[in-house]
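What follows is chain A paired twice: with chain B in the first complex and chain C in the second.
What follows is the complex of A and B.
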C-alpha cells in the first residue's frame, strides 16, 4: 500500500511526460505537411477573396474596387450562361458516370474468363493523360476523316452534311459530357465493385429460393446496400466535375463551364485577375451551397 | 430449355463485356492506328493502316532527321562541286535543316519527367511522416487536421491558380526560368500532398501495432520503427502513391499553361502537345504519335501497380 502510494505520483508524472512527448512527436511529424498546406492552399484561398475586391495589376499597386468586380459578374449575362452550362455539364456527367459505372460494376461482378485483363482495360480512360486522349476524340469526330461522320453521314444518312460536332456550339456540350463520362466512369465503377463484392452471397441465395427475379434481387438487396456509397460518389463526382478544367477546355473551347470561363477572363486577352478571383469566389460559394443542400437531402445527415 | 437459355445468356453477356472493352479502349486503338497511317489513309475508316508509316515516330524521336529537308538537287550539286570547302557545304546544308520545325519532344518529355517525379517524391516523403502521425500517434488536434486535409478535396485548382499566380509573380518568383520551374514543382507537390497523406494514413492503419511494440522492446526509437518497420512493410503502398502523384503531375495542364507562358523551353508535354495541335493543321499522324508517346509512360506505370492502385483507391479514398 505504502509502496503504491509512493509510486503513484511518479507514474503520473511519467504518464504526463509520455502524453506530452507523444503530442510533441505527433505534431512534429505532421507539421511540415500542415505548414505546406496552410501556406500554399489555405492562405491562397483567403488571398483570393482579398484579390476579388481589387483591380489586380501585376508589378503595380492594386486598386481597391469594393464590390465592383462581384457586381460586374453577377450582372453579366455571359456569367449566368456559364453557370447554366456548368449545371448541365455537371448534372449529365455525374449521372452518366453513376449509371455507366454501376452497370459496368454489375457486369464485372460476375465471374468470367480474362476478367483480370478486362478490369485493367476498363481503368485505362481514367489513368490516361487528358491531353493524349482528347486528340483521339477530336479525330473520331473530325468531319473529314473521323469515324463518327463516316457512320452517321455516309452509312446512316443522319445529317444533311458533314460537320464538326466538337466545334459547333450546339453539339459541343454533348461531346464534352460524353467525354466526361468516358473519362471518369471507371472511378465510380471501381468504388461500386469493391462494395458489391462485399455483399453477402447468402442474401442472393435466399432470394433465389424465394423465387425472386433478377430485378427484384437488384432492387431489394443490391441497391439498398450501395445506396449511401452511390450517394457519396455522386457528391464527390459532382464536386470534381464542377471544378473540371482540362477535360473541357482541351477538348473544346466552346463549352464554357465556370472554370473555363474564369480562366478565359483571368488569363487570356485583356487579363483581368481581379474579375477572375471574383468568379472563382462566387463559383466556390455556389459549390458550398450545392454541397449543403445535397448532404441534407440525399445523404440525410 | 434451361440449357438453351444459359447459352443465350452467355452470348449476351460476352457481347456486353466486349462492348465495355471496346468503349474503353477505342480511342486508344484509334490513336495507335492514326499514328501509323499515311495522310492519304486517314479518311479510311478501317483501323488497320494500308501501309505502316512510322515517319511520325521517327520525327518525334529525332531519328534520321538530319538530311530530310535537303532537296535532292542540292545534295547532287554539293557532291559534284569540288571547289567548295567543307565549311561552305555545311553552311548550305544547315540552311535546309531548319530545326524550328521540329517538335522538341525529348525536351518536353524530360521537363515533364523531372517535374512529375521530383514533386511526387517530395510529396510522398512528407506524407510518410504525416500519415504516420495520423494513424499511430495520439494527440489533441489530430482529428481537426485530418478533417482539414479532407476539406482540401473541395477546392478546385482554378481557385488556387489566381492567388498563387499573383503571389508568385509579385514576389518575383516566376521572373527567372529556374524560379518558375521550382514554383511549378512546389505547386505540384502541394496538389498531391493531401491525397498522399490520406492514402498512406489508411494503409498504415492496416499494419499491426504489435510489430512496432516488439521493436520498441528491442530498443528501437519511434523514428527507427518508421524507418525499419513501417516503410519496408508498406513499400508497395508507397510506390503506388508515388505513381499516383506522378500521374497527377504528368497530366497537369492548367498551372503549367499559366506559369510557363514566358518560358517555352520549360514546357511540359501537355503544353507542348497543345501548342503543336493549335499551331499547325492536319498533322494527325504526328499529333497521335505524340499522344501515344506521352500516354505510354503513364500506362506502363499503371499496369505495374494496377492491383495495388485499385485497392488503395477503394480503401484509402482518392483525389484527382
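What follows is the complex of A and C.
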C-alpha cells in the first residue's frame, strides 16, 4: 500500500487529517509483524496462563484447580532452592562471560601476527554443538577414568580421595558455571570487539598527548564507549542463562536451576501440564521483575 | 490501538479451534493406503536398522501399509506420548516397558480391546503367565498391552576374584555387603559394587526393587493402600545406602558398567543385556568406545571375562526376590479403526516365528522370548554373534524362565496396583535415593518426603 493509494479520491482516508493517515499507514506497515507476534508469542503466553489454573487431562475434561498449582510450587522448598541455584548460576556465568569476553576482546583488538586466525578460533566453543562438548567435559571429569582426576589425584596428589566433581551435588555447580562461561564468552567477545573497533582512534591519541595511563584510557574512553553495549549483552546473557536448560542438564543433571527443576517436577514420567504451566508463569514473573529493575537502574532507559 | 489488539486477539481465538476442526475433518475423510507410526525404545542405530528390515519386509508384502519407525528414549517415552496425545498425533504402535504401559493405560490412552484380541490371537496360554500379569488392568483378564520380550536382572560378579578371596557368591544381603566392602579400594581406583544413585534414572529403582522385595518391603498392600513407610522399607533403604558407599564416587547409573568391563569393579546390578558385552570382543569394544567414552580406543578387552563372570539372579534376605522387566507392544487408541486393524495385522507378523526371533536377536541376552518354547528352539539359540552357545541351552532356559519369577512393586499377591506405575514413572524412589546417598539427607526425612510425593500422586 503506497501513499498514493491511500490518497485516492473519494476514499475514507482522504477525509482524515494527515496525522491520522500517517498513524494508520504506520500500523498497516507493522500489522504483519503484530499478527505473527500475537499468534506465536501472545497466544501461547495467554494459553499458558490459562492452563496453569487446571489439572490438564489428556482424554478427559480439564479440572479447574484455582491457584492450587501455583501454591504447590511456592510452598515447595525445592523450588526456592532452585531459585537460589539459578541466581548463583546466572550471576556467575553472566559476570564471567562479560569479564572474560571483555578481556579477550581487548587483547584481540591489539595488532599481532595471525590475529585473524586466532579471532576465529576463539569462537569455537560457541559454535560447537552442545552435546559433543558436553561429552568431552564429562569424560575429562569422570571420577574413575577422567583426565582431571588422573592429574589432580594420581599425579599431583591435590586431593585426599577421588570424587565426582561433575556430578556431585556439592561441586557440580562449579563445573556448570565454568562450562557456561567457556561456552558463551565468545558471544560477548564478538559483540565487544566489533564495538571496540568502532571507537575513534583520535580519542586515544588525544589522551596519550595528555599523558593518560593505559588504565585511564580504558576507564575514561573505552569503558564509556562500550557501557551500554556491555549492559545490553549482560541483560541478554542473564535472560538466556536464566532459561538455560540443555547446557546444564546435559552436562550434569544435578545442578537444579529453575528449568531443570521444572523438568523434574512437571515433565518426568507422566507429564503434569498444569503444574508446568504454573512454574513457567512464576518463572516469567521473576524474570520480568529482574528485567524491569535492570533496565531502569543499569541501562537507564 | 487497544481496540486493534483486542480485535486481533478475538480473531486469533476464533481461528484456533477452527484449525482443529479442519484437521479433524481431513482425518475422517482419509481414504486409500493406511499409514501409522511405530515408536520404539530401541534408539541404537543397529537395532533400528533391524526393526526397519522387518518393517520393509512386511510392507513389501502389504503395499497398502506405510509404517514410520520413530525411536524414542525410554526415559522420554511417557512424556512424548502425553504430548502426542494432547496434539492428537499418537502413534499406532509402541514398544514400551510394563510400568510405562500401565501408567499410560491408566490414563485411557491404550486400546485394551485390541490388546485382548491380539493376545487371544497369539494364544493366551503360550505366554509366561507372569509376563501377562504385569500388563493386567484392574479388571481380570483385560490387558493394557501385549508382552513381547523380557529381561531378568541380577548381580553380575567376578567369580574368579570371589574364589581367590574365599568369598561366597553374592546371593544374600550379607554376602553382597561383605564382598562389596572387601573389594572397595578407592586408593587403587577399585570399587566394590555398582548400584544406581542418579536422580532421574529408572535404573535406581531397578536395582532397589529386588532389595526391597527381598526384605518384604512393598509400596502397597493388596487393597492398594500405601504402606511405603514401614520398618522393612527403612531397613532396605539403609542397606542400599550402605551399598552405595562402595560404588564409584558420585551419582552413578548403568553407564558405569564400563568400569566392570575395565576390571575396576567386582559386582554390578545389570540385566541380561550385558551378556553379549561380556562374551564378544567387538561388542565390548564398541561399548567402551561408544557415546560415553569417545576416543577410549585403548581399553583392552578381557577375553576371559565371560568365563570369570557369574550372575546371581536372586537376592535373599527375608525372602528370595528377582527382578526383571517385560517390554510390550501397545496400541494407543485410534480414531480410525482401519489403523487399529492394520496395526494388529502388523503385530501378527511380528509374532510369527521368524520375525519374532529376528527381533529378539538384535539385543542378545536382553531380549528373551515371553512365549514358552521359543527360547529352546535351535533358531533362537543360534544367534548371529554366537553368544547363547557360549552360555549353553540350560543356562539360557534358566534365565528365560526367570521371567516367570519377576517381583514388582506393582503386583501384590497377584493383584495389579496401577498406582505403583505412576510412582515408577515419576521417579520418586530414584529421587529419594539421590537425596540420601548424594545430598546426605537423613533417611527418615527422605522417606517422609517420598511418602508425601507418593500421596500427592495418588490423590
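Note that the second predicted complex is superposed on the first by the 257 of 301 C-alpha atoms of A that agree within 3 Å, B and C clash if a C-alpha of one lies under 4 Å from a C-alpha of the other, contacts with A are read in each partner's own complex, and residues count from 1 in each chain.
Here is the rule we use: a contact is a pair of C-beta atoms (placed from the backbone, for glycine too) under 8 Å apart; a residue touches a chain by one contact, two chains touch by 3 or more.
The structure displayed is predicted, hence computed values, not measured ones.
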Check chain A with both chain B and chain C modelled on it and let me know: fit or clash. clash
Looking at the overlay, does A:140 come into contact with chain B only (first), chain C only (second), both, or neither? first
In the superposed arrangement, does A:273 touch chain B (first), chain C (second), both or neither? both
A:34 in the overlay: touching chain B, chain C, both, or neither? Say first, second, both or neither. both
Comparing chain B against chain C, which has contacts with more of the residues in chain A? B
Could you tell me if A:162 is touching chain B, chain C, both of them or neither one (first, second, both, neither)? second
For A:118, using the defined touch cut-off, is the partner it touches chain B, chain C, both, or neither? Pick first, second, both or neither. first
Considering only touches as defined above, state whether A:75 meets chain B (first), chain C (second), both or neither. neither
Should A:130 be classified as contacting the first partner (chain B), the second (chain C), both, or neither? first
Give one of first, second, both or neither to describe whether A:264 is in contact with chain B, with chain C, with both, or with none. second
Quick one: from 60-68, 204-212, 294-302 or 402-410, give me the piece of chain C that collides with chain B in the overlay. 294-302
Residues of chain A that sit at the chain B interface in one complex and at the chain C interface in the other, please. 27, 34, 42, 56, 58-59, 135-136, 139, 144-145, 267, 273
Interface with chain B, chain A side, in the complex: residues 22-23, 25-27, 29-30, 32-34, 36-37, 40-42, 44-45, 47-48, 51, 56, 58-59, 104, 107, 110, 112, 118-125, 127-133, 135-137, 139-140, 142, 144-145, 147, 150-151, 182, 186-187, 190-191, 193-194, 236, 239-240, 242-243, 245-246, 249-250, 258-259, 262-263, 266-267, 273, 276-277, 280-281, 283-284, 287-288, 291
Quick one: in the complex, what on chain C touches chain A? 1, 4-5, 8-9, 12-13, 16, 78-79, 82-83, 85-86, 103-104, 107-109, 186-187, 189, 191, 198-200, 248-251, 256, 259, 262, 264, 291-296, 333, 422, 424-427, 431, 434, 438-439
Tell me, which parts of chain A touch chain C in their complex? 27, 34-35, 38-39, 42-43, 56-60, 135-136, 138-139, 143-145, 161-164, 166-169, 253-254, 264, 267-271, 273
Touching residues (chain side chain B, partner chain A) in the complex: 13-14, 16-17, 20-21, 23-28, 30-31, 34, 42-43, 45, 126-127, 129-130, 132-134, 137-142, 145, 148-149, 152-167, 169-170, 186-187, 189-190, 193-194, 197, 222, 247, 250-254, 257-258, 269-270, 273-274, 277, 284, 287-288, 291-292, 294-295, 298-299, 302-303, 306, 309-310, 313-315, 318, 320
